[in-house]
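Order of writing sets the chain letters: A, B, C, D, E and F. Residues in each chain are counted from 1.
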Amino acid sequence: MAHKFINEIEPGLTIDDVYMVKEPILRSTTRGDLYIAMFLADRTGQLNGRMWQASEEVYRSLPKPGFIHIRGRSELYQDNLQIVVNNVTIVDTANVCLDDFLARTKGNIDQMFEGLKKNLALIKNPQLKALVARFLADNELMEKFRNAPGGTSLHHNYLGGLLEHTCNMMKVAVAILPLYPDLQPDLVLAAIFLHDMGKTAELSYDMAFSYTDAGQLMGHITQGLLMVNQKADALAAKGTPIDKAVLEALGHIILSHHGKFEFGSPKLPATPEAFMVYYIDDLDAKLNQVTAAIENETGDSNWTGWQRALTTRLYRKRIQ
Amino acid sequence: MAHKFINEIEPGLTIDDVYMVKEPILRSTTRGDLYIAMFLADRTGQLNGRMWQASEEVYRSLPKPGFIHIRGRSELYQDNLQIVVNNVTIVDTANVCLDDFLARTKGNIDQMFEGLKKNLALIKNPQLKALVARFLADNELMEKFRNAPGGTSLHHNYLGGLLEHTCNMMKVAVAILPLYPDLQPDLVLAAIFLHDMGKTAELSYDMAFSYTDAGQLMGHITQGLLMVNQKADALAAKGTPIDKAVLEALGHIILSHHGKFEFGSPKLPATPEAFMVYYIDDLDAKLNQVTAAIENETGDSNWTGWQRALTTRLYRKRIQ
Amino acid sequence: MAHKFINEIEPGLTIDDVYMVKEPILRSTTRGDLYIAMFLADRTGQLNGRMWQASEEVYRSLPKPGFIHIRGRSELYQDNLQIVVNNVTIVDTANVCLDDFLARTKGNIDQMFEGLKKNLALIKNPQLKALVARFLADNELMEKFRNAPGGTSLHHNYLGGLLEHTCNMMKVAVAILPLYPDLQPDLVLAAIFLHDMGKTAELSYDMAFSYTDAGQLMGHITQGLLMVNQKADALAAKGTPIDKAVLEALGHIILSHHGKFEFGSPKLPATPEAFMVYYIDDLDAKLNQVTAAIENETGDSNWTGWQRALTTRLYRKRIQ
Amino acid sequence: MAHKFINEIEPGLTIDDVYMVKEPILRSTTRGDLYIAMFLADRTGQLNGRMWQASEEVYRSLPKPGFIHIRGRSELYQDNLQIVVNNVTIVDTANVCLDDFLARTKGNIDQMFEGLKKNLALIKNPQLKALVARFLADNELMEKFRNAPGGTSLHHNYLGGLLEHTCNMMKVAVAILPLYPDLQPDLVLAAIFLHDMGKTAELSYDMAFSYTDAGQLMGHITQGLLMVNQKADALAAKGTPIDKAVLEALGHIILSHHGKFEFGSPKLPATPEAFMVYYIDDLDAKLNQVTAAIENETGDSNWTGWQRALTTRLYRKRIQ
Amino acid sequence: MAHKFINEIEPGLTIDDVYMVKEPILRSTTRGDLYIAMFLADRTGQLNGRMWQASEEVYRSLPKPGFIHIRGRSELYQDNLQIVVNNVTIVDTANVCLDDFLARTKGNIDQMFEGLKKNLALIKNPQLKALVARFLADNELMEKFRNAPGGTSLHHNYLGGLLEHTCNMMKVAVAILPLYPDLQPDLVLAAIFLHDMGKTAELSYDMAFSYTDAGQLMGHITQGLLMVNQKADALAAKGTPIDKAVLEALGHIILSHHGKFEFGSPKLPATPEAFMVYYIDDLDAKLNQVTAAIENETGDSNWTGWQRALTTRLYRKRIQ
Amino acid sequence: MAHKFINEIEPGLTIDDVYMVKEPILRSTTRGDLYIAMFLADRTGQLNGRMWQASEEVYRSLPKPGFIHIRGRSELYQDNLQIVVNNVTIVDTANVCLDDFLARTKGNIDQMFEGLKKNLALIKNPQLKALVARFLADNELMEKFRNAPGGTSLHHNYLGGLLEHTCNMMKVAVAILPLYPDLQPDLVLAAIFLHDMGKTAELSYDMAFSYTDAGQLMGHITQGLLMVNQKADALAAKGTPIDKAVLEALGHIILSHHGKFEFGSPKLPATPEAFMVYYIDDLDAKLNQVTAAIENETGDSNWTGWQRALTTRLYRKRIQ
């Protein structure tokens, strides 16, 4: 049975479905009866939930956060929709259709990944080729890479977003590299593949999009650089070391791809290839962010609401 | 006879050639004799010049700056090369091979302009088509546009640089627009053509690259916007007005294409098309600047000198 | 009958008056009945309104925003005052006393405009005189100029505020120009008159203070500059062209009058006259903003609330 | 006999006049003979001086810096004018016409000071009146105040410049205060008189314009505030204390009159009077700086050189 | 009887205790009955209070803010706890146990103050010794100093916090001064004692932590500097003047101890001692702020909430 | 024979010693004779050198840069001292007393290193203990660590400076950690040891202080983090893995120890230990820089020259 999405619920419906429960709190009414206040959420939004006649036992059993199957009813309370929960069952994450809870790219992940590999096959430099192959051969990492979001909020913030973003950047690079013949294409392509690889370790995206402890303490730029060096160490251990100069030139692009210190790059771009990767990354991220903000805006105004990260509102009207 | 370039002159040569004279000053020696100190320049550099036994009459006749034919001799004075000038004739600018004095694009101007027009032919919106046609039909302006530099110092700072930059941006846009299907290609293409059109009025490039008074007082962004509105007024007077909404969307891209207030844009990008033009402009300008700085660096170091505008030195070593 | 202002309504009153309706929403109660939630506003504030037993037809007929005549009653609901609306009639804007809905200058518009013209008559330069006369002769524009607010929020944010601000700046200039004899008074006076003329196009102020599409895309600085150039083109078409140098010097002041890039000026002041106009504009705007914030503060504290734009609270206590 | 100014000296003249000697150094020639290199300066500039056949005794006797009477001859050495000094006599500062060495206001100091006092007489508040009178009665301080420069480099950087600047600000205030009736004129006038009083202690201007140790360690803003409090303490000791609230309101204007933290104000303007003093100070300083830069520019260009403090060049051409 | 703290109140309790009343408002219900809405607070938080059947007389008698003894009952209203007040008595501040209302240092004030004096006894310079003694002898000031908070919100924001912070800085200085033998220890110790002395005048902390008028207008840096100069004037009047150079060096440290203009220092550190005091101040303040934020965080997350002043969240997990 | 230092050379001496040659250039005189211009340097400064009657062969043989033994004579040329070189022999770096050419810490390296190890022995956490031991056991790295400078220019810019700085920071930490009992001392001590370990790879200091390619491309923060992870990988390979949480907490301190993005930290401090290391690092670096600038200032002024990195001049006068 299809999931009843939060943004489809109207007042007066019988609810019998799985939702993510967030921030449950045990409270007592004026009469002294215990009840549980909580948020019930899926990828389309969240509502207040109230479970009257609750017990401390039920409260303790709730995941914080996690998935529960509830039976109850939607109602309007002071003009706000809420769900009165009569019955609760804990649901194992493994049994949940995560797509109901986490937004997912509209693209086809297999196709995008194949396209990416095809473009990576253009790399001729044997050392970069070996390094990229080593990453592609790491199935566990690639599985993460195929599913990770591009971020938690600003752009490509949905499952598969990292792959979509990487893939699109690669297409842009392949399209414009012939216009800049002084650049070393192999470096650009390998760096685009790896520039955000650290996001697989920085972000947590099993139930919601958030940061891991390591992600907050180190950041995906540093984490990605560590991955590249660990793969290179492994290759060296196998007798096929990567030249220090290659590792440094590649590492420099990863470190500098945010383009500015205040965005967490410890080094500013200092090679033509680093400049190109920085610009393509920014272009693709911003166009995703801008077109998504325009598309997601509700209402009829010619303008979206204020976009804090862009310090402007966006104009939605088209010229024809 | 080929021009003897400044950077080819060695000590002890007889000089009989045309140079640009800059900042001539009349001075007297300890003995009370008058002499003229001046700089002699072409596009490869400049040297000190000294004309002994000068008169106030000769001094007054000198253009400041301008071209002169000199006869004299190069010599080392305190380890510095200088030119002792024996005889001077004023040369009309019309008789000078300007290419000896102003750097020029390595590209073919006619071919680039044809390529640009071919890409502009992709525009389907009838109003943008009419507006672009109006510009292309302005022969005087197009002649300036084909020869203007892209700037005085940072990037594309040579004759034809503006065309080369515009042309390259157009190629990038045509290559990547299919990857961003939500954008309005006609707006992007027309805006790229016109984004720096104001530089034809902002810059002076008949003898050296500098700013006009109007350029310093108003700036090419405002000047370009005025041009677009004047062409639109002219079309309206002919009975084919451009919609206000089209003019505003196009004008917005021109105004915001520097992307940040501190770079002289009075408005920040607020449409997807404005973001794309801003990024393509910055990408093409920076890659030109970076590769030129690497190419022009003399010496054997792996690094260029400090690039003030980029707040870094640039790495010149390639990976293979 | 005098309008009952929002800030005069107490609980338990019968309401029979015209208000602006904003953001009406059609909702259904738990029982499935439709009702309309809306804001009811005038220039003194806004209240929640509720129309129970509403129909989709009534909802559709409501302007969004616009004026309605309502019959109903004020009541306290959860400590908040709201208006229960029993009956609604749409009111044409033409029949509304706009002064009830938009704040208006305390000054006399006719007198201020006459004062302004008297000061403009001090201009002796024939070209600036002709240009100013051309603006004064544009009745439609002058009608807008006399009524436009000085801004939407920070200073002179009331009908006639633009005129009041311009008029006051002119008085300051006339008073202090004799102290700075090196400056060209005609340029200062003409520039003050025109510096914010673009606000007549940037702002919308028929029902509330907001920005037009063109205003958000281009900004009043650019719009004002376009107006000046269009008037100059019209004069030229009539055989009395304005010197390029005059237009540029005047245009420069308009472009630079915000004084800093981050406030939307594409050029920084580069003439003494531009510096004077920038300072007088800032002085008059800030003093209006500061004295209004002090005057409008309610409560007995010696200090106003935090003024975000000034990054301080303001001290209200006087020394005697 | 009139002083021969540095900027009037041509090669080949006999020199017999007083100059300021700066940074004398004792050196030995290749042959082992001692000579003294020094700068010789007055208010129009400085030249290299060389005294051959010098002794350590002469060197030690030289003030560093100070005034000397020299006899010698001007000559061109490697295109640079220098003075060969044959004979040196130390000159006491008391016997020097300081006007030859320090630039001085073109205004009449007595007249300006009388004008200032006349405007200060407008103050009605008895406490501010008493405080101002206390300052005016301090003859030693007033003598410094009448002669101090307004600064070392940026604006009013000449003897009497502080008085001229204060006097001009007072005139501006008197002219525009009627336009802002909500402000307390007495506070504005007293604050303008005292806002830069600390410069009499911050700056040293007996031979050249520089900072005192206390000036560099504390700054004129803090020093001026201390003066105000010391005068108030003295008045209190005499039985006529100034109200704390008056002292704080006045002190706040002095502290905040630079308007921004980065210009050394420890507090931002928080009263209307503080805003007015800040703007009048900035306006008068910048107009002095801008018109002086334009006036002092040599050469024929329409533009001055780059003004680092204004981040622009200045346009010198007038419209008619 | 022990005070019932706000954060210990559960629904359904009888309340008979003293609380601080804040922002009382007189309102009327729909039926026209008057009631008073107010906040009831102590140092653990605040709750809504409602007094039904109130009169204008009762309302007028309430301190705004101040202390009241209430009798009433706690209840849940729309899931929020509130207190229904039946009876109110005004309580004089003198009869209130302030510790229930203002947080207080966990340290022992007497012990800390003794420790501080012991460290101050290390000062050998007779003039600094005399100046410090003069401060220590000012009992009224020392009483304030012993009780003042270190600030209103960021760090050491509790009674005795200023002493605790000063005391801790002194310990750090005594511990590390031997490692920096070039510094003048007496200056460092005296400056630490006095660096925030102005906070006794800047802050008000009799009922809640806030700023005095003088504090907002002048700031504790300037106020502290004035105190130092007034003590020095008093010493001079007694025949033991402090050298100007000592006062300036000490004053410079006080003025510059915030280290940056944007934090309200009118001068940047320019002596080694000023640098040391700045760093020790910042280190001790930030470590207090960081460890307090970690300690006060509720919930189980490894991370605290966003710390706006630190622009990061803080990591709470320890390594073992 | 003791080296004759550059700053001890007077005119007219016979020179027979080893100097570093920098930037040699082959030129020809007016007569066509070849000569070599070069700089001759040691750690006290540099002079111009001229070798007349040079040949292309000699020129080619010169290291660029490197060490040469010269015979010649010092002379004054246009008031500047220069060395006329008659004879040149190339000297192998191994045969050079590097201390003559690179400044060296005044501290005893062995003693400092022993002191450091003693403080490291305070670490109790077994994992941090193991990690630190692994570093101490890497003799090649420790040799570099003992000799590396702390930087190229700002602070501790001499051989052994890195050790001195690390050692001093450790002493500060050991002295003040007892005052902050909430912090984890082991983390602080280990992090101080390792915080700048990457400088051994970032800097080159065999002949002069400069950056390696890897240093410029990656930076010592990233390089140090890589070292820590490689040592941890090696320990894991030996069966004693370091907990991920320990590595991350330690890594975070290394990454954030510059405290601000603009100084190259990709993460801001987010643990109390990270804040302490950041402050101790900054304190020790700035005090070294400030006291060195004061000590190295020549002349009698109370003030040093302008310190660009500190945006102030420094006051040198002591209070007694």
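Remarks
As a working rule, a residue touches a chain if its C-beta (ideal position, glycine included) is under 8 Å from a C-beta of that chain, and two chains touch if they have at least 3 such contacts.
What you are looking at is a predicted structure, and each value in this text was computed from that prediction instead of being measured.
If chain D is disregarded, contact among the remaining chains keeps them all in one piece. Any chain bridging chain C and chain D, meaning touching each of them, is among B, E; the list is complete.
Where touching is counted per the definition, the chains common to chain A and chain B are C, F.
Looking at D-E and B-F, the interface holding more C-beta pairs in contact is that of D-E.
Separating the CA-averaged centres of chain B and chain C is a span of 42 Å. Taking each chain's centre as the average of its CA atoms, chain B and chain E sit 61 Å apart.
Residue positions of chain E touching 2 or more other chains, listed in rising order: 78, 213, 216-217, 245, 249, 252, 270, 313, 315, 317.
Chain pairs recorded as touching, per the definition above, are A-B, A-C, A-E, A-F, B-C, B-D, B-F, C-D, C-E, D-E, D-F, E-F. Per the touch definition, chain F reaches chain E in the complex via residues 125, 128, 168, 171-172, 175-176, 179-180, 182-184, 186-187, 243, 245-246, 249, 252, 268-272, 275-276, 279-280, 282-283, 286-287, 290-291, 294-295, 310-315, 317-320. Here chain A touches chain C in the complex through residues 10-12, 75-76, 78-79, 302-303, 313, 315, 317, going by the rule given at the top.
For chain A in complex with chain F, the touching residues are 213-214, 216-219, 221-222, 225-226, 229-230, 233, 244-245, 248-249, 251-252, 255, 261-267, 270.
Of all residues in chain B, those touching chain D in their complex are 27-32, 37, 78, 213, 216-217.
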